[in-house]
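So that you can tell them apart, the chains are marked A, B, C and D in the order they are listed, and the count of residues begins at 1 in each.
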Amino acid sequence: MRLKILYFAGLREQIGQGSEELDLPAGVFDIAGLIQFLVARGGQWPSLATVRNLRYAVNQEMARLDTPLCPGDEVAFFPPVTGG
Amino acid sequence: MRLKILYFAGLREQIGQGSEELDLPAGVFDIAGLIQFLVARGGQWPSLATVRNLRYAVNQEMARLDTPLCPGDEVAFFPPVTGG
Amino acid sequence: MVVRVQETDFDVGTELAALHRNDPQIGALASFVGFVREMNDGAGVSEMTLEHYPGMTEKALAAIVAEARQRWAIVDALLIHRVGRLLPGDQIVLVAVAGSHRGEAFAACQFIMDYLKTRAPFWKREVTADGARWVEAHAADEQAAERWQT
Amino acid sequence: MVVRVQETDFDVGTELAALHRNDPQIGALASFVGFVREMNDGAGVSEMTLEHYPGMTEKALAAIVAEARQRWAIVDALLIHRVGRLLPGDQIVLVAVAGSHRGEAFAACQFIMDYLKTRAPFWKREVTADGARWVEAHAADEQAAERWQT
């Protein structure tokens, strides 16, 4: 299943890139699984597990760890928001 | 004791005048006494006793029935306020 | 602190800019504008006259704003209230509060409006199809003011 | 209902007038302007950059305003949020709510600000004497948003 992943703000800087496209292996079907898969890549990716209060959105809607993923989804990871 | 009395809004219309100066007889020393004295004049003055939620100010500060009066005071009577 | 009672209209953008005056400690500016509505208490309003108690009005408004500044850590506040003849759509009142943070600015702005509604000597006289009438005070306004007395 | 995300500044007076547009059913216009402060979390700020998530930002803001319109009987609402590089004293955000009565207008305006602070994808990056830093989210903002969940 192919996804687009976006990273924002401090997390984008820690990861070292703002976006990527990737093919998920079978068995990854929600946000929790996606985080596990990304962290297992090592390098900068364990940041996803250590950032405080990580937030995630699927197709531009706030999501939860058990939000399911579908082919073509746009998934975003970011720290708590600070606008306004 | 000489006082200046002011009437505002609907009460001014009921009383038929916006202000007057008057000499209080001995024995009238607070707002309650002044109302009693004015109502006893008859004519339009009993309006003071019948208006709903009559408000009073002494020297431009909100007052109570037992607020004392001194010579030269400016006393105002009016209905509940409706600005803003 | 600015408190004004006037017959003339005011320009909200100009007044807010004067309150903010580029003070970089201000992070929040809460404001409120009240207008004459064409419908009030179930009747169409063609015009309105605001009567007040000259002298006491200014004192009462200044006391309300001063109390807001005592209760909340705000930087500055502004209150303009019109008197005289007004038409539906006309501006009646502007309250604006500048502060470091939005919580204090919002609270102080609402407090000033709630106290103004119940403690400043203004009276509205409306002209409707049935003739002129003095606007009745609303219990809801009294309740709104009372919630600040804790 | 107007929701805008833009780099350019906005004129508060012009925006409020456009929201009011002389609609005589509007009796109350509550508004809020947020500014860049020169001091934040104990450090002097020389400039700030607001990053956002294009696409999601507009959707999130529209959803917040729509929810405010569902919760309160208001006539219209406006939300403008800037992105990009800003300096102390610059305007960041404008929220304005027009309604018949002040209680609803104030509540909806605060609700929109509180939800925007915790649910719209904006991130502030400040430059201080010690270098650049991402602004940390505050627990107080989360608490301010939670009080609307009753």
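Here is the rule we use: a residue touches a chain if its C-beta (ideal position, glycine included) is under 8 Å from a C-beta of that chain, and two chains touch if they have at least 3 such contacts.
Each chain and its UniProt protein: A, B = Molybdopterin synthase sulfur carrier subunit; C, D = Molybdopterin synthase catalytic subunit.
None of the values given here were measured: they were computed from a predicted structure.
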{"item": "Chain whose mean Cα position lies farthest from chain D", "value": "B"}
{"item": "Centroid distance [mean C-alpha coordinates] between chain D and chain A, Å", "value": "26"}
{"item": "Inter-chain centre distance, chain C versus chain D - centres from mean C-alpha coordinates, in Å", "value": "23"}
{"item": "Distance between the centres, which are taken as Cα means, of chain D and chain B, whole angstrom", "value": "49"}
{"item": "Per-residue overlap in chain B, given as positions that touch at least 2 other chains", "value": "none"}
{"item": "Contacts with 2+ other chains: residues of chain D", "value": "34, 113"}
{"item": "Every chain pair in contact, whichever chains are involved", "value": "A-D, B-C, C-D"}
{"item": "Residue numbers on chain C that touch chain D, as the complex places them", "value": "11-14, 16-17, 20, 22-39, 88-89, 100, 102-103, 105-106, 109-110, 113, 140, 144"}
{"item": "Chain B residues within the chain C interface of the complex", "value": "6, 8-10, 53, 57, 60-62, 76, 78-84"}
{"item": "Complex interface listing, chain D residues touching chain A", "value": "34, 50-53, 55-56, 59-60, 81, 92-93, 113, 116-125, 134-137"}
